[in-house]
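In what follows, a structure is listed as structure tokens, so that the remarks can point back to it.
A, B, C and D label the chains in the order they appear, each numbered from 1.
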Amino acid sequence: MSGAVFEPPLRNPKDIFISDQDCRSFMTNVILQARNLRKEFGGLVAVDDVSLDVAPGTVHSIIGPNGAGKTTLFNLLTGQYKPTRGQVFFKGQDITHVALHRRAHLGMGRSFQITNIFPNLTVLENVRLAAQALNRSQFNFFRRADSFKDLVTRAYEVIELVGLRELALSPATVLPHGGKRKLELAILLVADPELLLLDEPTAGMASEQVPELIKTIDTIRQKGNKTVILVEHNMNVVMNISHRITVMNLGKLLAEGSPAEISADKTVQNVYLGGLYGDAIEGTRHE
Amino acid sequence: MPVSWRRTLQSNWFHVLVLLFLVMFPHLVGWITGDSPLGVGGRPRGQSVFWQLIFIELFIFAILAMSYNLMFGFTGVISFGHALFFGMGGYILGLVLEKTGAASEVGLAAGVIIGIVVCGVLGLIIGVVSLRLRGVYFAIFTLAVAEMFAIYIGRWPVTNAEDGFVLSNLPAFLNPARDRLTYYYLVLILMIFTFLFIRRLINSPTGSVLLAIRENESRAQSIGYNTLIFKLLSITLAGMIAAGAGMLQVILTKKVGPEILTVSFTVDPLLMTIIGGVGTFSGPVIGASVLHLSERIFNREFIIGSMSINIGQNWSLILGIAFILVVMVFPQGIVGTWAKWRAGKKTTLE
Amino acid sequence: MSDNILEVRGIHTFIGQFHILEGVNVSVPRSSITVLLGRNGAGKTTTLRSVLGLTPPRQGEVLFDGQAVNGKRPYTIAQMGIGYVPEHRAIFRDLSVRENLEIAERQKGDLERHIDFIFELFPDLKRLIHLSGGNLSGGQQQMLSIARALVPENRLLLIDEPSEGLAPVIIEQLMEAIRKLAAQTTVLLVEQNFIMASRLADQYTIIDDGQAVASGKMRDLVQDEALVQRYLGVA
Amino acid sequence: MQQQRSTLLMITALFLGLLVFSFLTTDDLGSFGITILSGLFQGMLLFLVASGLSIIFGLMDILNFAQGGFFMVGAYITFAVFHGETFAQLDPNLRFPLAILIATAAGGILGIILERGLLRPLYARPIFQLVLTFGVAIVIGEAIKAIWGTVAYSWSPLTSFGIHQASFSLFDQQFGLYRLFVIGVGLLLIVLIALLLQRTRIGIIIRAGVEDSEMVEALGINVRAVFTQVFMLGCAVATFGGAIAAPFLGASLGMGNAFLLAAISVVVLGGLGSYAGTAVGSLLVGLAIAVVAKFASRPEINQTVWSSITPMILLVLVLLARPSGLFGKER
């Protein structure tokens, strides 16, 4: 066995950490807001009274141990689940009951935890479809799809960006796992959404690919005008690129703050490393 | 322009050859057997005319199978109620022609238009009502609706219940009992038109959405497609094409009866699609040809030495067994298996 | 016969087209608690499932008590004496607690023989015995799921993330139970809760990107902060 | 809880509606009673086809379209054995149970062959399993045609046996004792299968397998062997249904499809995979068929067609209100 170990090159956190002052100034307006969300699955409360404000132009991460309700919260924000109680607002509009496909038109794009692509279509087709979704041409069946030059050009741009140029004409199913995650990202980016919701983008990725992903997300962030909501397990990723972090535990909000605040927070530390005693328990037990 | 023409020809050389063969076919048979394609002794008789009939049936089945494939193979929607559209198309054309007292040309035009529109609307209604049902539930729902119609119309006094009625008000040029060659070319043209239409549709932006729904419906939704609308479109178009096939069928047999609503007009296109290759353009046509021609060829008594075996009598049994074998051994059908074999050969060469 | 009850040697496992395990080695000494550590998606659960044949490995060897079990059907492997407590519990919601236990019997009377031990570990189950599994709380379901693995005579228990989504008090109870039953059998545990793992386990193996990257005595790992940070790291 | 209550409410309303409608539209108590009894009779026959369909679907996710074919096989074999030369000397009252036994056993064996030989290789491709059972249904029909021809056989009163000839009267209306016998046997089977599912080890395994068959296997149980047994049971019960229906319905090529469609309606409207749903659904549909048949036989309507499409109408209505059937689970 090789036993080779890759250490993701950690950049100096100070380069990208955003001061608390900055964070507060972002909060003056809100692009996505969750109000008192609650989700029950047959008696089991997965998300319990969670409220969340996400400022435009920021990277906002949601973390927490397994089973904390992160993914459920994420699915409530994207509309995959309907909340038992509570509301979700996007740019001031109540979208709690807006259909999934309408959300894409409003400017929300989401990725999936399990790679979720169109396996038997080519990479280009996958991306072109996503570009076409927000375009009038979807109801044109007199012309060949690939004769819509602008869509194809746009698709190629994004394929280039994520680094899949050589594989553009292969069926998506033959891509390696990392390639599929890149394709997933390309499908998301081609529609140019204002708000990107990423569900564990590093899950199943080889560790040498992670810095590349951090870079891509960082590029997206630096271009401005894009907001990213991230559910993620990999702390390197979260601490490196987030403006703000929300920590969940047992379906509830445990803490929220800048990366510096969160990494200094004893309660969070305890929950993560499995704090069973002391203040940590008191901190997690609301009510 | 000539360049693009050449390219089109190059990539479609096989189709062009098949087309040329089909256009020449009645004359070829006539030339070999000495029977005129127009018939013998002023009546539609002889080998050429006989084979025209078989090929017209084949074309109609091919159209029906292609419509089924549009829904099943390209959109991923399994319906067990396709016979409903085929039968309703036939019934509506028959009713308009025979029961309204319209002149034959007017009746024909009106019947075709009304039939196709009604079947489209029917598909739309069934879709709106049932598409929120998942997988098996949807398949069963469509089967139930189709059987309801089949049973009801089979006992409906207005259309003579089980006996059905005869089409006597057909325009002369369409009467296949008189001039079969014209009808042969008409149905051939319609089959080619259907083939090209479906190919263009699937290669269009709309078609790529249908494929996306087949591949991964929830993802198609999340990138911004109202998948319900597209599935409705697919079902409605498939229903309209099937209705057209049903009309061609009743004109050919000059009779409208409840047999055109039976479940075999769902099963046959399903078999043809699977045998030919699900989700391929030529699969349904090839499946229809294989099934229909082999039925015609083997449907008679064979004498081997002193033994005589009547395959025709047990034809459906053999067909059923063959179908099971295909499903188990070649689930991708003829075209799919062929394509896979060629792709495999290519990659091993590289 | 070796001292290891379970020996996983270089297994490669695919799920669909995904190459999940790329040569995993794990050794589980008899009468110990061995824990698999690693990030989400690293391949810990798949390792357990590969041992049992639920996701059969394409390459490599799995030796249980010196016998090769790879390639066998899951039920045959389980019958050799492996109990499985899967992720998310997977108890049967429509069956009563008693039926959930009864179904695990491999020989008549298995449940009778062990019911006292089970009730001693999980006193709660005694009063819930006629309730249907779906009506239990998360913690009770987890207890039932472990109890189910104790009904037949098992020589190895595979336990996947028992602490997931449970309140600290419950986790404490579970830890107590696992420690007690480890006195009688061998446990291979998957656990993300590092404190829980460090207090329970004797041995560890860290899985990262489908490979076993480190293994040894748990008490050495607790000292090695750099290693913990690298693979399991928070902040 | 809320869903359970509304399900109960819905079922009660449907049953009461049918009973009241029937009571109001029949002329006297006698014909009302007969209508209800023949509804029960229809319901029991439906149950025999539907129960196998439902259990097989629940455990294995296969909708076995060949189930109607097994019903037909049961009727033909029973007819052939009863009327054949081989056992001609036997007393009719013994010959009939023997015929049923032979038919049921044949159905069970055919079921094993179908599951082992044809379905097992296709577990990775579920859509093709559905398509395959469709094909098997065709083959069964054609094989019967090849063996027994296309004529419909009906049970002649001359070659009959004890309870088949007897009848009893209810408020001056005659009702065949044999139909009462079928109702009794059907009720017995409902209870027996329920006991099997609730009280026996294999029942526990089946119910657990409906939820999560992988976990059952992980507990050390050979799930595929259980699949085969369940498939055999389902096919045998359907064949048995055809066998006991034979003295009443005879044996004909159309009977398989007719019962299959009604049984599928029953299973789907009851909620796929739910045994209680199938039992309730069978009674509901059977009753509805009888009530509608009675109503539609009035001279001013005079249409037998309505009773044939009753199952489908009920199915469509229930599915519109409940997309996964009466007892079906959401998702």
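The rule we apply is simple: contacts are C-beta pairs under 8 Å (C-beta built on N, C-alpha and C of every residue); 3 or more make two chains touch, one makes a residue touch a chain.
Note that the coordinates shown come from a computational prediction; the quantities given were computed from them, not determined experimentally.
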Chain labels contacting chain A and also chain D: B, C
Centroid comparison with chain B (C-alpha atoms), farthest chain: C
Rounded Å distance between chain A and chain C, as computed from the means of their C-alpha atoms: 31
Rounded Å distance between chain B and chain C, as computed from the means of their C-alpha atoms: 55
Where chain A and chain B are represented by their mean Cα positions, the distance between them in whole Å: 47
Chain contact graph, described as a line, ring, star, complete graph or other shape: ring
Pairwise chain contacts, counting only pairs that touch as defined: A-B, A-C, B-D, C-D
Contacting residues of chain A [partner chain B, same complex]: 78, 99-101, 103-105, 109-110, 112, 116-121, 125, 128-130, 132-134, 137-146, 148, 187, 191
Residues of chain D that touch chain C when the two form their complex: 201, 204-205, 207-208, 210-212, 214-223
Residues of chain A that touch chain C when the two form their complex: 1-3, 5, 7, 42-44, 65-68, 173, 177, 200, 202-207, 233-236, 239, 250, 262-263, 269, 272-276, 280-281, 284
Contact footprint of chain B on chain D as seen in their complex: 63, 118, 121-122, 125, 127-128, 130-132, 134-136, 138-139, 142-143, 145-146, 257, 261, 264-265, 268, 272, 303-305, 308-309, 311-313, 315-316, 319-320, 323-325
Chain D partner contacts - residues on chain C that touch it in the complex: 52, 54, 73-75, 78-79, 84, 86, 90, 92-95, 99, 102-106, 148, 152
